[in-house]
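Pasting a structure below so you can have a look.
By written order: A, B, C and D. Residues from 1 in each chain.
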Amino acid sequence: MRKTIIGVMGGSVADEKTAQNAREMGRLIAENGWTLLSGGRPTGVMQASVSGAKEAGGLTIGVLYDEDRELAAKDLDIVIPTGMGAARNIINVLASDVVVACRGTGGTLSEIAMALRFGRPVVLLDFDPGESFLNAGALGCKWALAATPEDAAKKVGEYLKELGR
Amino acid sequence: MRKTIIGVMGGSVADEKTAQNAREMGRLIAENGWTLLSGGRPTGVMQASVSGAKEAGGLTIGVLYDEDRELAAKDLDIVIPTGMGAARNIINVLASDVVVACRGTGGTLSEIAMALRFGRPVVLLDFDPGESFLNAGALGCKWALAATPEDAAKKVGEYLKELGR
Amino acid sequence: MRKTIIGVMGGSVADEKTAQNAREMGRLIAENGWTLLSGGRPTGVMQASVSGAKEAGGLTIGVLYDEDRELAAKDLDIVIPTGMGAARNIINVLASDVVVACRGTGGTLSEIAMALRFGRPVVLLDFDPGESFLNAGALGCKWALAATPEDAAKKVGEYLKELGR
Amino acid sequence: MRKTIIGVMGGSVADEKTAQNAREMGRLIAENGWTLLSGGRPTGVMQASVSGAKEAGGLTIGVLYDEDRELAAKDLDIVIPTGMGAARNIINVLASDVVVACRGTGGTLSEIAMALRFGRPVVLLDFDPGESFLNAGALGCKWALAATPEDAAKKVGEYLKELGR
């Protein structure tokens, strides 16, 4: 049976609060029995979310920017190097049932934009790039702001229910 | 000598004013001796900008979403089918010296986000997705709002001068 | 711990013997505790190898040609739509520790060529595109012909041992 | 009007004869009024073919492996950085009306395989990866061996005529 995949997106550099949120988010994803997908780099939100999910015994997938498998987050179960650079962002989005954005800059914003475009619900964790942007993504696109990882996980659960998963 | 490429991004569906702006933008790009690059589809902002550039005798490049060369805008000089879907958005950005965004939805917003991320100046023509989004793209990223194609072309020229082109 | 991934490549159309080989190959991959990766389409070698692996309780990943998750092989655990068409072939290769080619045409041959180029050992199951091709791939590239799925699985195991996995 | 694009593929390292062939091939492409497309790196067959085409006043396009525009062949007119690594090989193929392969290893072989798969005729210049490979590419695929750049250009011209260009 197809596993439910939650994509956690965010920067390769993260401040302490954001890294903590990402780690907690990873833990909650694993505890809910969902699979974590991230950009898979060994830094920032990517490493933090993977570490959190592994602490809770979850399955983790990383879709890497680089060609080299060695540039993967520690403890990843499934390492998918692409060597495609930013072109791999669309894969992160399309492979996810729901996308969680833990702050981030241009790369993450491009993933949010594509998630809205391709009908993937987006939960923005402690991050608000503004309604003008979020509502411009697509007609009827789904997004929600969440203050804490707990709130975000609850919202993810609601979106999954709407999706019939 | 490497040609100066101006990328015009926007939706495959465009209202009349936006299509007119895109056409005028294409014309101004050609008149300035710049090469026009677009997503290359035969509809919306893509077709309109190509038509405008060709009316003024410019060189036009389309980087297609599809595998099939027949799904290209009319009058394109250089047709580059990718079959890569939205993954080709990053190519539109990286190949451009300056990006002009003529409204659009998620696809265009993802291109704006990546342009900011990869240091390509962005001119937003009659389109404002909000400062929260635009300033989150990257430290020191360059963007400007423009009300008309004439304003946009002037701004493009200034960015090119800053880039030493 | 990073899972060992064996990529099974082959056509979306397969004759009966090839489909049977692919199914048996999938089963052997699962029985050895390896993870199966394929192009993930619901036909030919892709579906057959996934079905075989699932019969033996293995973990299966599909990296899809298409954008649409519904165009995935039945019983896939992890569905990764790319919408990238043939550009996703390189992902199949880079994500695999060893590649098994079950016949196939141009798409599969491009994957074999890239596997040789990127240092992934290739086992050719009941398929011989010729030494002139196979040895041109790269200096010191590793490939082996195998007559049966059992031979192929044995060869995969030897390559994994050489790789220290 | 859409320009006729001839893709010249080959290694980033080239022996003297191959480099000379690539340069001469580039010159002949330009003299025939065709546009040259290559992988656009500043070395090997890529640089040589671009230099040849520019000597004859032709238009040249490079679709780069890298993100960085500075890693482009000298004298390229149109530089398209992709940052996609080997995933950009499919673009080289799809954008070409006819593909000329000037020797090369795995990367070039993957391009030949995809050209055969996507119906682009292939001319192999002083290079023979074997009929077992070439005929396995696709049913009815078109390829020809050529001993010299002059032979190759003649063959390209014949394929273009068959394609109605």
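Assume contacts are C-beta pairs under 8 Å (C-beta built on N, C-alpha and C of every residue); 3 or more make two chains touch, one makes a residue touch a chain.
Predicted, not measured: the structure shown is a model, and the values here were computed from it.
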item	value
Intersection of the contact lists for subunit C and subunit D	A, B
Label of the chain whose CA centroid is most distant from the centroid of subunit B	C
Length of the line joining the C-alpha centres of subunit A and subunit B, rounded to whole Å	28
Distance between chain centroids, defined by C-alpha means - subunit A, subunit D (Å)	39
Touching two or more other chains - residue numbers and ranges from subunit D	67, 82-87, 90-91, 118
Subunit C-touching residues of subunit D, taken from the complex the two chains share	84-91, 105-107, 109-118, 128-133, 136-139, 141
Subunit D-touching residues of subunit A, taken from the complex the two chains share	67, 82-87
Subunit D residues within the subunit B interface of the complex	1-3, 5, 35, 61, 63, 67, 69, 72, 75-84, 87, 90-91, 94-95, 118
